[in-house]
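You will see chain A twice below: alongside chain B first, and alongside chain C after that.
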Partner chain A sequence: MSYYFTILSPTDTPLFNIAFGTSKGGGDGIARFRFPETAQYMNQFIIHSSLDILEEAQWTNGGMYLKHIDTYPPAAAYITAFLTPSGARFLLLHQPPHLPSSTSISSGLGSSSLLGTAGSTTRASSSSIAANPTSPQTEEAVRQFMNEVYESYVKTAMSPFYKQGMEIKSPVFRTRVTAAGKKWL
Partner chain B sequence: MTSPGDAAPVKPPPSFSPGVARVASTSPSRYPGEHETTQSLDAELAESQSVSSPTPLSGTIADLPIRPGSSHSRSGRSSTPQLARSSIGSPFDGRSDGSEDIRSSIIRSFSPTIAVHASEDTDDLVRNKGFKGGFWELIRPFGETVSGKVVIRDSIGSSRAWEDYGVRLADFKGIGRAPASRDSGPLAQMEEVLTKQLDSSNGMLGASVRTKDVLGFPATTPLCKSFLQQLLCSAPTAPHETFGHPVANVIAISSRNAAPLETLRQLYADGTTGDKQLPDWVNQEYLRYYVLVHDEERDDITESIKLYDQMKRHFGLHCHLLRLRSSQCVVTDDDSMQLPQCEWLSPLEHLSGAEALVDLGTDGTPYLFGSDATAIRAFIRELVVQSVIPFMENKVAVWNDQVASRRRGISGRFMSMSRRWAGFGSSSRSSIGGSSGGNSGNYDTTQHSYSPDSPEAVLRKMADYAFMLRDWKLAASTYDMIRSDYGNDKAWKYHAGAHEMCAVSMLLNPLATSAKIKLESVDQMFETACYSYLTRCSDATHALRCLSLAVELLKSRGGSATESAAKWAMRVMDFGLVGSVGQILYTERVAACYASKTAVGAAKWGGRRRKAGMWSTLAADQWLKAGQPTLASACLEEAERLYADVLQANGAFPMAEMQSFVDNLRHAVKVEYLEARGFDARDEPTSEDPLGTEETSEKLDMRHHRRSLVGPPVQLDAGGLDTTQGPLDPKSPPNDDFEQA
Partner chain C sequence: MSSTKTSRIGEEIWKTRVDKVNAELVTLTYGTIVAQLCQDYDSNYQDVNKQLDKMGYNIGMRLIEEFLAKSGVGRCANFRETADMIAKVGFKIFLNVTPTVTNWTSDNTQFSLIFEDNPLADFVELPDDGRAQDELWFSNILCGVLRGSLEMVSY
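Presenting the complex of A and B:
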């Protein structure tokens, strides 16, 4: 699993970005997205496009944690969202590792798996996150992660040197997010 | 027959006046001559009646059965009223967002197939006129639009008039046979056609490539439409669906024939015996229609009329006397017109057609006389309105009565259950269709087909007939009834086909509103169909057709259905069913699907502008990589238009990497665009502006849609620290007309 985490201001300006990989199950914590190195803008495109769904989902869901809201099927990217009362949005893009066996995008007619997204059973998942990004375990782990980040975010936002809408540059916050990622994802 | 719309008589009395009016409307220059012809014909008719035949001929020879009120309404190919119902107000009135056009295309693609079987002498006659392919080639383009309205009665007896009805005329010898020279499948051929179209139109596509309609939805590109049309007619004639099976067979002889009745008998027999006969999974119960082609220039009309009378005595009502001139028409002739273009050409024909064009160096379409065109149109109309449609209506009614109602009834349900747990009830089952026992029933596992008279095949044929008659309600219920049977028999292609068509007819039924039909069940059916086609049958052509139908029809439904439309379009790309150009086309389709989902309510939520914008940008990127800067620039412009609502006033993206990607893309598109047009962009001093703002606005100068949303991109680092924006409500619609709405 690779993760891309963004905090967006109410005006869609990004306040904080971080990309990291899973640390569970022997992961080294380095993000490996399916896009080539030159196409890392795709993460931002996907996050940005999921705001359409987010704007809809925030009125139909009472909680702050909106769970999995959107999918970008070509890259198997899943978006999970968390709303804060001040209007900032936490968006987490997660992407299961690329399995050359399961997806045959260019080669096969008819040989591809119609169930599509799941199916990465090769990882012996001793972690709390199963390989399926929409499973309840994943939802729960992401919720824990979001809550922990939210706590740090509130502390950072309460700093007298921080004005709302500013980019978060605090290294402490970054380390805390990284730690939360290590802990839960 | 209770509604006021049925007031129009279904069979109007034969009269000459509308026919003459139509002649005048199609070819004004020939009006006096034509008028004379008709009159002289009238005189001849009177003679011939007095001489030989008691049959009133005026009703059949020169009768143009135009229904009252329709002669004024024909204006070329009009497909707008395709949902207009004579008795019930159409729920889609006033909706014109370009998807109606696609919808109409889809409906017309499933039109009845009529085989054309002409004798040698007829083909010779037509070849003299310059049509190498013979009689079939001459009349084929005229079948695609039947002039005037066609009134069809559905199963509950209400009539509907269709203006865009058409039939597909197929060569009798070609039905059920795969073309010999097929080295690549239809999908590869389609890709080849696309590439050719791109190459040939490179540069010409220009600003006209994307016509935006009034509502601002992205209209379909011509490329996309042509792709869809090819796809819809590329599926070869197969046992599991009867759209390609002939509904009628037109048997044509000419007045030159020495032994006309013998020839007719021979041609008739070709249908059932001999090496030309149709495959045995084709139902032989089709209509035979006899045509006598009279040579106006060489032969005597009285002889022909005598022969025609004889034909009528032998074969009954399904006859026509077609009067053609036998000499070749050239451009300079008085009354010449070009043969209309065929709209529905399979990819193979597209490829061979393109080669022919290159060979000749000119437009190779032959010309014909206006009077011939009029005669052929009248013939097609009479064939369809007086013979084919009533025949199909009748067949549907009979099968519905004899086969479907039995299956629908309580005993039929019981029997279908008993067949599932086979072992009992086989004797009662055989009473339905004479089937033998065994779990697989009537399904022939070696041929992968049902015999044409088994109830399964008949029901499928009935549903297809109902579909072609545009009675989607009956079609959907019939497909729904039989789809599980095919699954039980493990007839996977039939299974997939029934699921596909069931979903399609549910979506096409204009009276079932989106609230009524459950989109989940439609989705489920497409899923099943696609799985059966791909995994169980490895039939990529049909799978692609099924998914494309799903995309277009769900998109035209609007509302939440557009989401699943986009999903299916992504599925097409994921399966790799299309080639590289096809991938780009489908990327565009995804963008179009999302763009057609509009925001509702005051808070403007529910739109998918960002998603549409993203897909458009990606399409632009791919077009650029494919070396099509013109198309790329069109897509990019589309993306800007879509992003206009969601970005801030200066049009800058909030995220830095997106912004730089879009800027680079714009620059590259502009450079390539100018290079393709022969300029060297690097010579221009203005284009060296590091921010690229000047270039963008210059590029947009050549299009009508001038609104440049790019503006000067803000300093990239300032994007993150934009402190001018106060804390707003999280929903914060960019243009804040909350109070007004």
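Presenting the complex of A and C:
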């Protein structure tokens, strides 16, 4: 599983981006997206395109963690969202690893069968988080991840040299997010 | 006066005679002051340090009075006792920290105060412009306070 995590300010300015891979089930923590190296902007594109859905979803319940809100089937990308009370949006894109055989994909089946295929391939043995991006275990793991990042975000935002809406450049914050990713995802 | 007795005085005053205020209020207020100074002086950190020292000096000149009234301690016999008094009573009652006194020079005229935790610097991350890490003395106000208060008791 590869992850792309981004923080957006209430005015949709990107504050922070990071790409990483799973560390569970023997993963090495390196992101391997399905797009070629030159097309990594696709992640940003997909993540930002889910903002409309996020804006609808944010009123549906009182919680800050909105779970899985959007799917982009052509890239098998799943978006999970977390809102802070001040309006910052944490968005996590996850993409299961590339499937070795392409027969089931090229036959044009829906996202649910993509999931099923991902579960039944070799990767299924690694861990449920890697195999199934919408399973309750994954949602729980992402929730833990989001909460940990939120805590670090609050601390970073409390620094007197950080101004609201400014890009987060703090290396400490980046390390903490990486650590949280390693721990939960 | 023995060192343990000094720390007992500090503890006692901290517990019974000091009005407490929320630590985050202090941290955020002080952080804002420093950040504002950095902005006002266009990130000329030497000037910011100087300004913080001056502010501390003015605080120290008044604070010594408060310190003596609260603690009721008398004159220190030697400089080592003074150092102990600063660390274990002074910092204890005003900031609830006890820095370690160390690095004495052989002629007993210089020492260092080492802070294991600094309540003024919680959450703080210095701007990463390549200079602040080396040039900005974030808690320089403390040096000013010491300078001001010690000057008033003729050091």
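Rule of thumb we're sticking to: the second predicted complex is superposed on the first by the 160 of 185 C-alpha atoms of A that agree within 3 Å, B and C clash if a C-alpha of one lies under 4 Å from a C-alpha of the other, contacts with A are read in each partner's own complex, and residues count from 1 in each chain.
Keep this in mind: a contact is a pair of C-beta atoms (placed from the backbone, for glycine too) under 8 Å apart; a residue touches a chain by one contact, two chains touch by 3 or more.
As the structure is a computational prediction, the values presented were derived from the model and not from experiment.
By the touch criterion stated above, A:Ser86 is placed in contact with chain B alone, chain C being left untouched.
When the two structures are aligned on the shared chain, A:Ser49 is found in touch with chain B, with no touch to chain C. Contacts of A:Thr175 after superposition: neither chain B nor chain C is touched.
When chain A is checked against chain B and against chain C, the one touching more of its residues turns out to be B. Shared-chain residue A:Pro73: touches chain B; no touch with chain C.
Contacts of A:Phe161 after superposition on the shared chain: chain C is touched, whereas chain B is not. Taken in their complex, chain A has these residues touching chain B: 8-15, 40-41, 43-52, 55-56, 58-59, 73-74, 83, 86-87, 89, 103-110, 112, 114, 116, 163-167. If you check the complex, the residues on chain A that touch chain C are 155-156, 158-162, 169-172. Of all residues in chain B, those touching chain A in their complex are 527, 530-531, 534-535, 538, 540, 543, 567, 570-571, 573-577, 603, 605-611, 613-614, 617-618, 646, 648, 653-658, 660-661, 719-723, 725-732. Those residues of chain C lying in contact with chain A across their complex are 28, 31-32, 34-35, 38, 122-128.
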